[in-house]
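Chain lettering (A, B, C and D) follows the sequence in which the chains are written, and residue indices restart at 1 in each chain.
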Amino acid sequence: MRIGVFICHCGSNIAGTVDCAAVAAKAATYPDVAYATDIMYACAEPGQDAIIAAIKEHQLSGVVVASCTPRMHEPTFRKTVERAGLNRYMFEMANIREHVSWIGKDIEANTNKAAELVRMAAAKLRLNKELKPKSFPVTKRLLVVGGGVAGIQAALDAADAGLEVILVEKQPTIGGKMAKLDKTFPTVDCSSCILGPRMVDVAQHPNITLYAYSEVESVSGYVGNFDVKIRKKASYVDWVKCTGCGLCTEKCPARKSYDRFNEGVGPTTAIIIPFPQAIPKKASIEREHCRLLTGGKCGVCAKVCPTGAINYAMEDEIIEARVGGIVAATGYDLIDWKIYEEYGGGRYPDVVTSLQYERMLSASGPTGGHIKRPSDGVEPKDVVFIQCVGSRDPSIGRPYCSGFCCMYTAKQAILTKDHIPDSQSYVFYMDIRSPGKGYDEFTRRVQEEYKARYIRGRVSLVYPKGNKLIVRGADTLMGVQVEVEADLVVLAVGAEAASESAKLAEKLRISYDSYGFFMEGHPKLKPVETNTAGVFLAGACQGLKDIPSSVAQGSAAAAKAIGLLSRDMLDSDPQIAFVSANRCVGCGKCIEVCPFKAIQEIDLRGQPKAEVIETVCQGCGLCNATCPQGAIQLSHFTDNQILAEVEALCRF
Amino acid sequence: MSIQDDIKAAIAKALQDIPCVIGWGAGPEPLRATPLFMRNAADVENFTAGFLAVNNPALYLPSCKGVKTALVVKGCDARSVGQLVAENLVKRDELYLIGYPCSGVIDVDKVAARLEGKCEPGEVTRLREENEDVILDTPGGEVRLAKKDIAADKCARCRYPNAESADVFIGEKRAPVVDQDEYADLADFEKLSLEERKAFWEKELSRCIRCYACRNACPLCVCRDHCVASSREPHWLTQADGVRDKLFFQLIHATHLAGRCTGCGECERACPVGIPVLTLKRAFSRQVEDMFGYMAGIDVNTTPPLLTFRLEEPEIKEREW
Amino acid sequence: MVMNTDTAQKFVSFEALPAFLAKLAAGATLYAPRRENKAVVYRPWQAGDKVELSLRPTESCKHVVFPRSEELFSFDMGGDPEKPGKAGLTLQEASEPGPAVVFAALSCDARGFLAFDPVYDGCGTGGKAKDTYYLKRREKTTLIVRTCKSSLNTCFCTWVGGSPASSEGADALLTEINGGYLLEAVTDKGASLLASLPAASDEQSAASRAAREQAVQSAPQPPQDMIKAPAALGALFDSAAFWEKQSAHCIYCGACTYLCPTCYCFNITDESNGLKGLRMRSWDNCMSPLFTLETSGHNPRQEKANRLKNRVGHKFSYYPKIHSGRFSCCGCGRCIKSCPSSVDIRKIVLDAIKEAANV
Amino acid sequence: MSVLNTKELRIIGFLCNWCSYGGADTAGVGRFTQPTDLRVVRVPCSGRINPLFILKSLLGGADGVLVSGCHPRDCHYAEGNFYARRRLELLKGFLPVLGIDPRRFEYTWVSASEGQRWQHVVEAFTAQIHGLGPARGWPEAPELEILNAVAR
């Protein structure tokens, strides 16, 4: 074998703390290394051209590039060596940036470490084999999980591009958080006016199948062919028969039910249509509130339903579907602000969340768009907004900024003035974060035009005094303590990953960060991809973002999915397991452990043997580590290749 | 009729529709029996069970695959069979097991220790069993030894003296010797410091001749002809005469037996140079028992612990970094 | 060269033995039987070591002359650092072996080397292809064997031309007598080792003679028709049933061959790391299926019956047929004694003779 | 033995590609300074790690071996780390029987987002190994000595 080694400077990223020339000189002494050099930017066009030229000039049969992480540029350089006529798997990378130059400043130690990493890579490369992918057909259908604005956007874009789309929404209606909003910043246009038509589009699009009040039960399979089970939860209403007339909701006697859509601002019935523009506009019974389902007596809705759609015996239904790609758009939840005792811990009815306040502002909300104090229904005059409730607070494990609270608080202060012209808003804030198009202007307007009083400081205590709430806090700009007598306190509650996001991530086999937000493939370059091929991200499930960003990411995810599913065939990754039939004793242990059922027993001249189903194998190598005689090996990560890396370090 | 005769009758009966019954027969010297493959009545006459029935006949099962085979089994042998069945390495319906109550088997090395200064075990010209004793004819006259003093170590911690899974059981079942394996042998070994343990293995393994009798005597080493010990793909070991390679082979054997070893001890008994290789396997077995509540070869319906998992592992206390 | 034994009888008392051993160890690596756990093995002797003479050694001492593994040569493929990609190749011969002495080997152990000698001296090539690795060590090794005081159940040296008091193949013979050991040189090499010892008295010589005679008398009587073994085994070459029956309980480990003083087979492997490596040879054994595994995947001795047939046939038929009737077996019985499944090679040979007579 | 005789010990890490290798990358991107001893072998999944790789490293002279995979339930291959957890836990408990200090081997779970945690793990493990000092090697056949020169 003739190995070429290229030590990348990455400008000064590597060369700053690694003597790249010395590493190249050392590499030249390694077995089978025929050419070694250092290079300014290996990944740039001149760098790639230099690699190609060297392959040709020195008749190289394998290449090691020591540069950044293979998770970044391995695909890049594989294409490079392929352009030079080599098999793309005759390539190894040594990560001397993320694992060396960026984590230490000791040039001697770094240079030595870099040289050793190159030796490991070269030792492994000597055992690399040319691998060729197999191709398999793709199912041209997309699953979108989550029917908020990001999921709606992704579903519509993909459907418009001709893909079949399955949209799964946990709640009885799509619309997500945006449907709950009264207005949107910074234009203050009506949220349901702009979202509603898109929701209708979803309902009417011939390519979209909507499963509302449904959840993803399980996902198996891989890019191109995922097998998905969807649990359609029992709504106790036959949605084929239901016309959405709403008669049942008027007659239902269980009138003290928690109103999920309205964030508990006022009660609702056990059988509901969440809001007038709901898609699908179908009734559903919330089991825990229904008198018949919990107590066995009632049946009013069944009696009044003109189409006989009520079915108390309904059970969850499992729907199976095969899809080629998946977009996760599961949004976010508000944190449980009641952990904050200083704001009353939930004991004072006139301390409300920003989302409850949205519902009060909304004309279709429980108060008909009139701002009323929950305690006595009186219109408030002095309204205090407290920002960063649960954001930027390491003490509760939420050190991050939720990103959109500053803006919606400004919006709500404006709306407060619009609704109650003689009102005064106070906003306690830490910093104002408004880096968006027209955003900073908006936060100025609320202060200058709408005369909201912005007080930079934290609130230390909210306590009742008569029918008022005293908000005590610091004004850090003035350096004084302030107390505001408020009629209503609105908490700008921060957001966190949706409560069941981790479970979904496990089903989708994607990663999530310590807060539960899904991990994108690369923070800069793969913002909508995940590390699981065929699974894409849209909206706040990947990280908190406002509506325009969510919509943009929904379109981006759709674009990625469309790109993937526009192909008829996909190449399978050839880094998969293979069996040496003459060494296999047919014990079946590999079959037992394979998470993908990718190994089957075959009969070879009367002997049982294992056989890998090539397009099913995902290349995890669990079988390889399980097989006692090493008869099944993972291509590109064989025992001998890993041992070569170990022995390059550990033999003395 | 003695149990021996009853077993012979059972073997003869089994041979009516099974071509071969594996048991034990007279060996090359008085202290040792040898595995006996019985195919006809004359063979059955050579059958012997009891104190000399040391070898584990389960060893031969994988090579009998596809042919109905009968075995005469001790309790420990039956566990090996059970594990082979649990792992689907042999089919239970291809087996016929004749069980009998085992009261322990001889350890020739212990006899050697008892005869120290008198003669070598190879000079014993006759062995007679008399209840709980054996009487040996030696060049210096008769020597009487208590069976319990010269029985294999495993017999003193036997929890399963009766082949519970046998198709036919000859004789009265015996009570287990102990209810619980306390792993006292390991506890003794662990009185050594880490340094001493390392030195111990270096010294012991330096004697290894790489004959792989330990492996070939193991009823669960089903790779045998394809063992990684001598393969180049994968190439785990060199063929050199060094402690590192020799120990590494033992680690291969022990890790491959983790959660599978039934503790029959044949590896250690087979070792011609007396390396206590069972210790390594028992170290795994103790952990497997503690961690997963699993004992190999008892329940054929339980998946061996390293071929499965639980989402939560209450017994695994991971390190908090 | 065989000496006049009468002139070379020496005596070493039990008390003087350590000093004598120390003297031997000063000029060579001295191997002596040592008790280790349950085994008795030949180990380099160091002052203070007890020489184990009450139990017979588990292993033979063949590894002193024929190490379990040894370097044939080493190589370095490093080339000119200025011209990467142009591989170099430097070969380095293995270093010369030093002198060795084996003290108190069994007499059968020494006879074992007589099976080695012609093979490694190039008998098959008219003496052209000599195995210098073996021959150098053989030349530099002095063997002091001991008279066996008794026979074990597994002993059968007398079947194959040996005796418990044989000094064939050895350089000196050690016999325990009252108060110590009588040492008798057999070769010049042996004599020079013994030179420093006091001569044995006539009484001591007589006691030694008596002890040796006693040993010979206590040895098992050979069967009458061992001479028929080569032909019988030849006749049974195609008798699959015979070999399947004989091998049924064999577990085909390598214990028999690795303990055997006459098994001389080896394997050659290369090991390398980076640019450096070595070619080495290591013991191999015909009971292993890998022994005859061909590159194609074909294996002429896939079945253990065929492998056992080869082992027995080689020792008692093929070898004697080309080496003047000498069996490639010294009758030490280790293969029987240490066989985990008690395979008895004597029984196989006798059964073969009986079976062949019936054919 | 490493070139940097006095400064470094030989520490090998086996990291799954999807989580822990990514976590190490994240630590690098975040410039979270770490000791330089660790050398990482990248494998697809912690389930790929045969415990024998670890034993081979330790017998071959590694002073410490660190394995890191995806958190349980977060395996890219759904189940690999569950199997790994059992194997690795058994291995750790087994090492003392050989006379190897079990602290020379640790396994843990680090996700791709946990750069800071990775820094902490590397720092803590490296400190632990330095606390234990160089491991005592296992003897091998003298003729193999030539193979060892490479890693020096």
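In the analysis below, a residue touches a chain if its C-beta (ideal position, glycine included) is under 8 Å from a C-beta of that chain, and two chains touch if they have at least 3 such contacts.
Note that the coordinates shown come from a computational prediction; the quantities given were computed from them, not determined experimentally.
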Larger contact count among C-D and B-D belongs to B-D
So, what's the distance in Å between the C-alpha centres of chain D and chain C? 45
Using CA atom averages as chain centres, what separation in Å is found between chain B and chain D? 35
In whole angstrom, the CA-centroid distance of chain B from chain C equals 30
Geometric centre distance via CA averages, chain B-chain A, whole Å: 55
What are the residues of chain D that contact at least two other chains? 56, 60, 73, 79, 83, 87, 141, 143-144, 147-148, 150-151
Residues of chain C touching at least two other chains: 69, 271, 273-275, 280
By residue number and range, which residues of chain A touch two or more other chains? 582, 593, 626, 639, 643, 647-648, 651
If each chain is a dot and touching chains are joined, what shape do you get: line, ring, star, complete or other? complete
Under the touch definition given earlier, write down the residues of chain A that touch chain B in their complex. 580, 582-585, 587-589, 592-593, 626, 628-631, 633, 638-640, 643
Sites on chain C touched by chain A in the complex: 77-78, 81, 84-85, 273-275, 297
Under the stated contact criterion, what part of chain D meets chain A in this complex? 1-4, 7-8, 10, 12, 17-19, 21-22, 24-25, 27-29, 31-36, 39-45, 47-50, 53, 56-57, 60-62, 70, 73-80, 83, 87, 111-114, 119, 137, 147-148, 150-152
So in the complex, the part of chain B that touches chain A is made up of which residues? 87-89, 222-223, 226-228, 231, 233-236, 256, 303, 306-308
In the complex, go through chain C and note every residue touching chain B. 36-39, 41, 54-56, 58-59, 67-69, 150-155, 245, 248-249, 251-255, 257-259, 267, 269, 271, 280, 282-283, 285, 288-290, 336-338, 340-344, 346-347
